[in-house]
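Structures follow.
After this come two complexes, each holding chain A, first together with chain B and then together with chain C.
Let's look at the complex of A and B:
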């Protein structure tokens, strides 16, 4: 454990400053998302304002107030606290992005490595099936599921994104596997009679995982943007649950009065995506160096 | 778990099949008459508002004086570019659902038989005068002579006769034909037409100010090219179609043979051409006007009206023409869906609806008036008695009613005593409506007695859930955003929405076969139905007023709906443009359609 911490510390020190800042921002977002959930679980026991409460209905505040001691980032059109909503909104973005990454790495990585290593008819059939899934517009699927089930919650959104994200990971894992499988250490393992499954899990998957992980970080940024777009269009999780996208959508009507309800979620969205890209790029460079050294 | 996955996979394949089916069709995608006859609060697609006919009264200004000045100063030439809130799904009067953007285009190309005056009465247009028999079952209209279609064909009584078979089956017109009770159209001679009704209707001419029944089209040309008529409509209107590029721009040019002249005998129209540009985003549409990209724009959003007012105060060279019509927004309760079948729940939810807060969330403070009935205070049918009777905002009283219900052992939703009620609250995903719906959600949820499930579906799905499916059209909605009424005669809206909602209900009251799919509340009251029928059996205003007041009082008692505010609409125009908000009818009286729909045949540039 201490070795892992030491390695992380060393890697962190080697990072360019901008990547360090990006990583800190991402850790902040993850922390904020978890904190906001704990806050909800413990019934506002933590010092965070209720993201749903509209004090103007009860004569306690006015809509669209600027930053103040009570509301650090101001309030929205329904007098709700912007900061609280931003932090709660980060949970949605994070869960959707994490689901895509986990599905991609676990299912996509495994399937891609398997078909890339075993080849044959299974590979042909799998890749053809995935091509069909890749061709299917996720928005149409989402709309249809909503129409069928009359429900649009985080689980459904995350699942749709997760499942539809798998094919891309399969392709990358397969391509990496084809490259790794032709290396001498794999041939050596086969020559001494190591079982194919053992080679797959001990030799191939560990070697393709860094490349997949680097892609996953960049992909997570993309997914956050797509989720934000869906939210903006009113197609992601149901209001009044805050998301960065639906906060932008709700704020745009009053953009002539104040830009703050749009500015904050826009800033969080942008910083998060840029941070994921920066960290992903940095990781990719390290992976490339490591691969060339193999 | 396995079952859930199977459902998802099944859905996936179902979608693929639907997509394949849709992809294979090349037919026109016009809305059904039932769906299109509805009207929701977003008003961004045509289907929602086909029959909310659209007349508004001017909130400010003296229309008559302005029109007289306008006519004196008028001059010819110039082009006009109008920013519309959406593209029209089609321009076939009998077939395509039509709301404000579509009506603006249709009004340029087609004339109607009669026209709404600014005071809400019916004035002449293609018909010079009209009369009915004693029991209002036969209406005879004398038509103006010398009117020709854009293709040179003459407009006569036979034109209206030839239109009728298409209107009987048209997706847009069929429901209106039924609502009007129209059974036959007869050409007495070239300039006299007789409409024969199956039952009395003292306000029948009201149907002829509207697109589906009133707009004159060339039935022969329409039959020859049913789909193409939408892209190249042929009417008798002041402008002829020049170019129709869907979702980009539609250009109409001056009809040199237009039949109308102004009061000085100058032939209309004054403008050389009009370009319609659909700009769905409210802010962009206003910016387009302010930057001079367009010369006029329409809106039905209070927030945009507020922004336009603000821009004008900041010095923008624009004129704002605002209308506060009879159309009222809010929502409805589906009485087939417990606990909404219980009047305590409906009244309780309504009493917790803080209308002022909802209007503020809509951006309409100082713009929209809170609604208490289908008629705005400007309407001749407005009733103070109803306003006083309406269950207005009283949070504690509302909570008390819900408390009574949930502690009633006989509660209709089958839940345990003391258990919360569950209500689905749904609106289309428009930013303005999203804000409004969250206000209501918060008010209801804060009681701790109501589990509110907020949903948003696109406009068509929203309407579809309210409409339901054949044969019963019961709808699966709960508390559903909607809006009602128009400046037209009350009968055109009320009669078709408050008839029996199923054939079974009709039979139970001895009204075999009388059934409407547009009774979205699934609320039927035999007394209300009787009053509505009586109101179209007389043309005495006092009698009609009393009958509609009784209907509104019953609505205030049974509460099948809640109100937010009356729909404010606006035309914002270049200050050098005149004549779009008030115009002269052939008899010298003044017309004013409102509902953010400009009349273009008397519009002109002042410089």
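Let's look at the complex of A and C:
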């Protein structure tokens, strides 16, 4: 355990400054997302944890407020605290992105490695099926599914994203399996009579995972954008539950007076995607160097 | 050789289209419960006689596969059924809306291509210099900003702050002329062009860094040719093949990508019709437009594959 921490520490020090900042931002978002749900454990709201709080009765709404001591990032059109809502919304982005990554690595990684290693008819059939799903523009397929199945809560949205995300992971896992499977150490394992499934799980999958994980980070950024888009259209998690996307949508009504209610969620969204891209790119380069030395 | 590629690609294209249409059809048909519940708006469900009439009209009692083939058969003849919410035939809606979507996608592809070439070329020429580093920052940002956010930002900046351009609405070329049309098209297509522009600039840069290390570039330099001439004539040409295929692929992708941008700018395109169809639960419209967009996407991608082979003599000869 301590050696893993030390290895991570060493890797962190080797990162360029922007990548370090990006990683810190991502950790902040993960922390914020978890913090925003802590009231479920403590049974009472902590500071910055009341995204639905409206300090007025109907007809008494105050105009949008700028940043102040009481509301660090100001308030929105319904006088709700922007920062609370942003933290709360990061949970939605985090869960959707994490579901896609976990589904992709676990199911996509295993399926891709399996068909890439065993080849044959199963491979042809699997890849052909996936090609059909990949033949749709991603957003359009997602829109059609969400529309038809009328799914609008976090569990369903995360599942739909998770399942639709699998095909690209399968493709990438299969491609890297094809190159790993031709290496000498696999031939050696085969020659001494190791069972094929053991080779698959002990030799191949551990070797394709770093590259797949680097892709997963970049893919998570894409997923956050698509979820934000869907939220913006009002077709993801429903209001009053805040998401970055639906905060931007709500902020549009007041764009003539102030852009702040759009600016903050837009900033959170963009910074998170930039960070995922930067860390993902960095990891991809590292993995490429490592695998060329393998 | 080219003929064979086209033949193989056509067979694959037909198979993919078949599967895509089946998936689109089943997405709706395999909903739990009576399909009539999905097709008709809730307020029309009280009228039992009407329900029976539509059930007959659509022959909903036939087996699923029979109805699928009828749907596809009709679609091939340009009939995608009609909306049971607005009574408009789906194909009319598509015909009505497609010019806007096509123009946006085309303009965005054009902008992304034309701007990416000098940016990518100059970044490669001064690799690691100030311009290159600034551009690398720009491309990272452009790839990370969601299109709809860029659109809203453009509206805020160019309409509300500077009051240069209209934020919403669409002038048809046929009604108001090209200039008025471009005024309404420039902001949405710029928002749409950001991400492909970044991808293209990166691609051209990476490709040209490789080309600039070739011996023939060195010999052109030794001959004393001007840098700009070498860059455009000797280095860009071999890179243009990859670039053209990527540009064409983007055109296909952008036809789906305009959906959100059209909504942000409230443009009368295919995307806004799809979204309004979703809000109204207009199943026939959703099904039809999804099939249409997916078909365009698949066909364009197949054509690009063939184009690539046709353009590159090295692949053709193999």
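By our rule, the second predicted complex is superposed on the first by the 266 of 294 C-alpha atoms of A that agree within 3 Å, B and C clash if a C-alpha of one lies under 4 Å from a C-alpha of the other, contacts with A are read in each partner's own complex, and residues count from 1 in each chain.
The rule is simple: a contact is a pair of C-beta atoms (placed from the backbone, for glycine too) under 8 Å apart; a residue touches a chain by one contact, two chains touch by 3 or more.
None of these values were measured; they are calculated from a predicted model.
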Touching partner for A:256 - first (chain B), second (chain C), both, neither: both
Touching partner for A:233 - first (chain B), second (chain C), both, neither: both
Which superposed partner A:159 touches (first chain B, second chain C, both, neither): first
Partner chain(s) touched by A:274 [first = chain B, second = chain C, both, neither]: second
Partner chain(s) touched by A:131 [first = chain B, second = chain C, both, neither]: second
Touching partner for A:31 - first (chain B), second (chain C), both, neither: neither
A:77 touches, of chain B and chain C: first, second, both or neither? first
Shared chain A contacts, counted only where both chain B and chain C touch the same residue: 136, 140-141, 143-150, 233-235, 252, 255-256
Contacting residues of chain C [partner chain A, same complex]: 16, 19-20, 23-24, 27-28, 31, 38, 140-141, 143-149, 152-153, 155-156, 160, 253, 255-257, 259-260, 263, 274-275, 277-279, 281, 283, 286-287, 290, 293-294, 297-298, 301
Residue numbers on chain B that touch chain A, as the complex places them: 7-8, 11-12, 14-16, 18-19, 282-283, 303, 307, 310, 354, 357, 360-361, 363, 429, 431-432, 434-435, 437-439, 441-443, 445-446, 454-458, 461
Parts of chain A lying in touch with chain C, wherever the complex brings them together: 131-133, 135-141, 143-150, 221, 225, 228-229, 232-235, 248, 252, 255-256, 259, 262, 266, 269-270, 273-274, 277-278
Touch list for chain A against partner chain B, complex: 52-54, 56-57, 63, 77-78, 136, 140-141, 143-150, 152, 159, 233-235, 238-240, 246, 249-250, 252-256
